[in-house]
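Report on the following structure.
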Amino acid sequence: MTATALFQSALASLPEIVVITGACILLILGQLVGKGQGHVFVWASVAVVLMAALGTLMLASEVRPAYTGMFVADGFSVFFKFVFYIATVLTFFLSRKYADIEGIESSEYYVLLLFALSGMMIMASATDLLSLYVGLELMVLCTYVLTGFLRREPRSNEAALKYVILGAVSTAIFLYGVSLIYGLTGTTQLDGMAAAVTGDPLDPGLLLAVVFIVAGLVFKVGAVPFHMWVPDVYEGAPTTITAFMSVGPKAAGFAVILRVFLNPLVAASDAWLVVAVIAVVTMALGSFVALVQDNFKRLLAYSSIAHAGFAIFGVVAGSADGTASVMLYLLIYSMMNLGIFGIVIMMRNGDFSGEIIEDYAGFARSHPGLALLMLLYLFSLAGIPPTAGFFAKFYVLVALIERGFVMLAVIAVLLSAVAAYFYIRIVMVIYMREPQRAFDPALTPLVRATLAFTALGTLGIGLFPERFLRLAQGAVFGG
Amino acid sequence: MGLPLLSLIVFTPAAGAVVLLLFRSEDAVRWTALAITVLDLALCIAMLAGFDQSTHQMQFTEIHPWVPTLGITYALGIDGISALFVFMTALLGWICVLASWVAINSKVKEFMVSLLVMQALMLGVFCALDLFLFYVCWEAMLIPMYLIIGVWGGDGRVYAAFKFFLYTLAGSLLFLIGVIVLYFHGGRTFDILALTGQDLPFWVQSWLFFAFLIAFAVKVPMVPVHTWLPDAHVQAPTAGSIILAGVLLKMGAYGFLRFSLPMLPEASVYYSTLMLALSALAIVYGGLLALAQDDLKKLVAYSSISHMGFVTLGVFALNLRGLEGGILQMFNHGITTGALFLLVGLIYERTHTRNIPDYGGLMKVAPVYTAFLALFTLSSMALPGTNSFVGELLVLSGGFAANLAAGAAAVVGALLSAAYLLGMFRRVALGPASIGARFKIRDVNAREMAAILPLAVFVLWVGLYPKPFLNIIDVSVKHLLAQVLTKGSGQ
Amino acid sequence: MSGMEFLPVLFMAAGIVLVAMTTLFVSSLLRPSNPYPAKNMPYECGMDPSGEAAGGRFRVPFFILAILLVVFDVEAMFLFPWAVVLKEIGFIGYVEMFVFMLLLIVGFAYAWLKGALEWEE
Amino acid sequence: MVPLSWYILLGVILFVIGAAGVLLRRNILVVLMSLELLLNSVNINFVAFGRIYDDFRGQIFAIFVIAITAAEVAVALGIVVALVRNKSTLKVDDVTMMKG
Amino acid sequence: MDLIVALGLIIFKVAFLIAILLLLPLPLTWLERKIAGHIQQRLGPMRVGWHGLLQPVADGIKLLTKEDHIPDEADRFLFKLAPILALAPPFVVFVAIPFGETVSVLGAEITLYVSNMNVALLFVFAVIGIEVYGVIFGGWAANSKYAVLGSLRTCAQMISYEIPMGFAVIGVVMLAQSMSLLEIVRAQADVWNIVYQPIGFLVFFVAGLAEAQRIPFDLSEAEGDLGAGFHTEYSGIRFAFFMISEYAVVLLVSVLVVILFFGGWNGVLIPLPPLLWFLLKVAFFVYLFIWFRFTFPRYRYDQLMAIGWKVLLPLSMANIIITGIVFS
């Protein structure tokens, strides 16, 4: 590697470098600044992310391969990086007060989120299984720790432990697949890997390898059969982290899946069948099990499984439209899910946990505005127009039907009708029950800003999807 | 081109809903809502005044790109068929506001907002010339309607709201799949007019026909999928019932007219017998169930099923009289059944019971009310001189022309309706004034009168002089029929 | 060739274990064996032992230390191959590893500031 | 020269043992050790393949795997410590407050 | 045929090494006692043999015939395993240690090392790491409070100093461009590494002292306050294994210091045979070890850890960075 190449590579990965440097500085700074300076970290972290976003924007104009083909800064990664930025910044906003209430505020909290962000960014940009793996681990290691951040709460410890063990198993499976790919093709680059298999009928060993890799990745997005961690982890983790995990790492997982699947490796095989089965089962499981949940966080966990299933339908479609549909889906899902989590987080105040659905009975009476927002998010999650959630699903269906998978589309919509049931059940609770107690939501300006932003996104993308659709398509078509 | 009249009509209630959010006083909310709905009605009348009855072309069209990447446009336009429904929707809008003036006493603002949003979406459905836009409005209606039933409904409102929501959602999602399939078969466009001219293979048409059928049949509702309707009607507040009966049920039939027939003519012709059979079943089954009801609202609800059976029967008779009768009957049903629900609502506000045996001798305590009840009851059973007579007669003659058995079933249905409606009227209004002993009943006041009177006017107007109404739809129906029969006869 | 380099390791390990075993065996022939309860008690300066030896406190500092070891030891693994080829890869290679070291130092500094290196018995 | 298949077989055996350990054993520490087995089987594969291709990538990958696994285990142990402080148990079965 | 000869040679060398290493503690203990005695102005052992020369032999016989005592509460398997685990690693490490290039014996060229690994340095650190298991198992299995605490401390100490030790030799690797010890020595033919790597040597040597658990870092055995550390409960021959292991480590550290920093068998000025040069240097460092034991006080435990983490580790990292920039 020459100095110029190194410089070019560093330039291409500037956003990542900014985030990691910022995280390191904050890590040290956090030990020097006294306690009770939470707002400093929030704003410093936000500043870091904004700087990275600026860098990403400046570099978005062209495709920049870097680090001898291990990394690439292209439109695809830019799109995902912005999803990550949004998710992270909103998580920062939501965390400020919540962390205070839970007593977990520390600089490490923000630093870990920043590191997780950098991991996700690397995942989105990785073009080599090695860089992919490193990014993945950087992300999950941080989320492991963040999951267990409520140190005095056995539930949180337990969630973290489950997450870490199952996560490690999935990583091992993923790596085993990678080692097989390496053994069979002699390369770990996604391009090289694809080149090694195009044309010929797929070697069964390669298929096995792909299955292993898919299994490992499927874990990260919480799809069947590696979904069992999701509800427990979502329930046990601090709610802000749950919100973050349901959006950021999930999107990152999909970024990787799409990158791998965009390659002829899978296009040339019948792997879509496997993926289709995963999609159907995931969505069915998420939808049906969510029906019987009483805990809001668990419900949202199953809901996120169901949504992952729906997004995987877009992967099944596989075409450029399918890819773009998954990307758009993730963007929209981030908006609405962070919104609904924002409400749940806000409700955590005093002795009120806000985790039980029944807790929200009669919420509409005392806080009509917030209830309206909740209504918006919930109907968006259910996929009812004119919210963004509808357009997300619509586009996935368009992609599916374009490829001729009409039956899959029918299954998808029927399952989403099932899923709609549990969302409107919550609407029922907040609108049609009498209040059991007084609500005292922890509404800070930051939380307000988050809710406003997500509501705007949820409604805005639903009503005027064109621009975002173009962004997603441009990210795919433009390389 | 000038004024985007249709957009104004559609967005006036929507904008009004936003304005309402700013108010605090309940009375201000009520008056504003009334003003908005009246304004909307005025716009509709203006639209009808400028409507050209001599062409089947879409009028007042507005086309703006919306999501060009996917060929989605914001396209509005009306022909004779939709014009009638737009008018009816606007007409019922302000009546709904009046009907809920005192009936709704909690969360008034939210209710009125829901009502106005609902109206905007309904108008959007009837005006849409883009399938995507149509679908968005069609499905978005679920949200306000769910809330109207679920929040302001009766004791069993939660269950009813759920049932309504899930039935309709499941149906419309399949419709969505159909729409997307159509999109690809029709050359990647959601333009309704562009899609009507297509020659789709028969198997595609068949699949789409059934996909559409499920969605529309749920809305109409046709018999196997009708069970949400009695629950929803019974539990909904009066205004909700009026909207349900007056507009929502029409959307299914409208869907048949707008999509199934012109876009899938071969399948429509091919499966018309099946549709006729289902319609006949709905007529007789609905009538029989209505006969067995002791609950006023349920009775009216089941009568709706029966009457909507007439509508679909007329539509799928696939002849001019049948179609025109069906469409007119949709309008009539909106007026008559809407009025009946209104009347039931009014009496319920006074007695808080809907149980028919609790009533009796209403004529003596509330003569004006009883007079209206008599008029609408007679209208509902299609007495000559009332609106329904015209529509039902056309449907029957069309039905007999198409299929003897279906026509016969329709006659049975008509007789049944006479039986349950007269029975109801007798038990409620005639006999000793037992009801006055238990409840203090006052007669209709001015506000209620204002709500009922226009409907009564339309009952008699259509009954005695239906020509203006038939004129509006005539050309469009003929064009539609021509489309179906030329394409469909190839089968 | 490569096998032969590590074969002696096996021999050595086997040899030393063998020797140890032999010594133990010889010793077992020579030594007396006369255990009794008092002798078999753990040594606690003559007091009767109470409680589990290991069941007491879980010493977190030891644990933190172990984690630090894992981190640094494993990072050293990257340094060795780099050191071997440093002259070939030149200054660019040095810069790359310098970044790595920098990150390592950040972690180290964090641990230091956090007080992980303070030993309090 | 040891044939490649032997390495792969060893890798598979280790992988199976590790997987069985993760699934069947109840002690968290044993589970973590089994995880190490899983990852070591991966490493064996990488190194063996790298040797066959005469390519450094396999070894590099193995080094990364080792390093990152170390971090992973460190995190896992940290969580175990927190858990032990709260519940004082090392049995997986005892750690089931939640339904899943 | 060649193969058999080569194998035979290896086995011979291994056996020779084992013999040397097993017997070396005998003179070393004697030396240690004598030096200790003289430093403390007394004579040390005088009774058994001339100037107590046979004292170590007597000790050996005593240990061999002493009762092997295993506490009731002990985990018997681990208890028996631990001494062997502690004994084996230093021996195995010597396989990778070169003592010189070649010598001619009866006309045949014989290499003065058992194996020339290209990653010898890594091998050394890897195998030395196993030593910790012996310590921790030994302490744990005895199930005595002193032993457990002692073993934990020892373990913490060993792993703490392993890191600076590992970092300290990276500079040497950079200079030699190899991890083979043979190559490292050859690279010092002109200039010894101590010239370029004084910090590296300092860190390595101090860490080596700690690694061998010698004063001033012998906290683990700290007879004064912990009984005898992790091997409190051991007696007889098993205890002897721990002792032998300790001396082997002392020897090993000395050998490594010589190889890595003091030019191995490369001599200066005086043309002695290489092997002799080597042994002389090693002897010097072994003497240093013994000398330190009786001249320095013992550190407190927190000081011990502080030196490892807060002084040696930063020093060694700085060493890497500076050496890197100079030699890249």
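We call the chains A, B, C, D and E, going by the order they appear; numbering starts again at 1 in every chain.
Keep in mind that, in the parts below, a contact is a pair of C-beta atoms (placed from the backbone, for glycine too) under 8 Å apart; a residue touches a chain by one contact, two chains touch by 3 or more.
Please read these numbers as outputs of a predicted model, since none were measured by experiment.
The minimum number of touch steps separating chain B from chain C is 2.
Path length between chain B and chain D in the chain contact graph, taken as the least number of steps between touching chains: 2. Compared with chain B, the chain whose C-alpha mean position is the greatest distance off is E. Here the chain at the heart of the structure, going by C-alpha means, is A. Here the chain pair with the top count of touching C-beta pairs is C-E. Centroids of chain C and chain E (each the mean of its C-alpha atoms) stand 14 Å apart. Averaging Cα coordinates per chain places chain A and chain C 40 Å apart.
Averaging Cα coordinates per chain places chain C and chain D 20 Å apart. For this pair, chain A with chain D, the centres built from the Cα atoms lie 26 Å apart. Contact with two or more other chains is made by no residue of chain A.
The set of chain D residues that touch two or more partner chains comprises 71, 78. Each of residues 66, 73 in chain C touches at least two other chains.
Chain pairs that touch, as defined above: A-B, A-C, A-D, C-D, C-E. Residues 92, 95-96, 103, 106, 109-110, 113-114 of chain C are the ones that touch chain A when the two sit in their complex.
The residues of chain A lying in touch with chain C in their complex are 1-3, 6, 20, 24, 27-28, 31-32. Within the complex, the chain E residues that touch chain C are 6-7, 10-11, 13-15, 17-18, 22, 64-73, 83-84, 87-88, 91-92, 94-95, 114-118, 121-123, 140, 142-148, 152, 155-156, 159-160, 162-163, 166-167, 170-171, 173-174, 177-179, 227, 232-233, 236-238, 241, 301-302, 305-306, 309-310, 313-314, 317, 320-321, 324-325, 327-328. Chain B contributes residues 66-70, 107, 110, 135-137, 139-140, 142-143, 146-147, 150-151, 157-158, 161-162, 165-166, 169-170, 173-174, 176-177, 180-181, 183-184 to its touches with chain A in the complex. Interface of chain A with chain B (complex): residues 364-365, 368, 375, 379, 384-386, 390, 394-395, 397-398, 401-402, 406, 409-410, 413-414, 416-417, 420-421, 424-425, 427-428, 431-432, 465-466, 469-470, 473.
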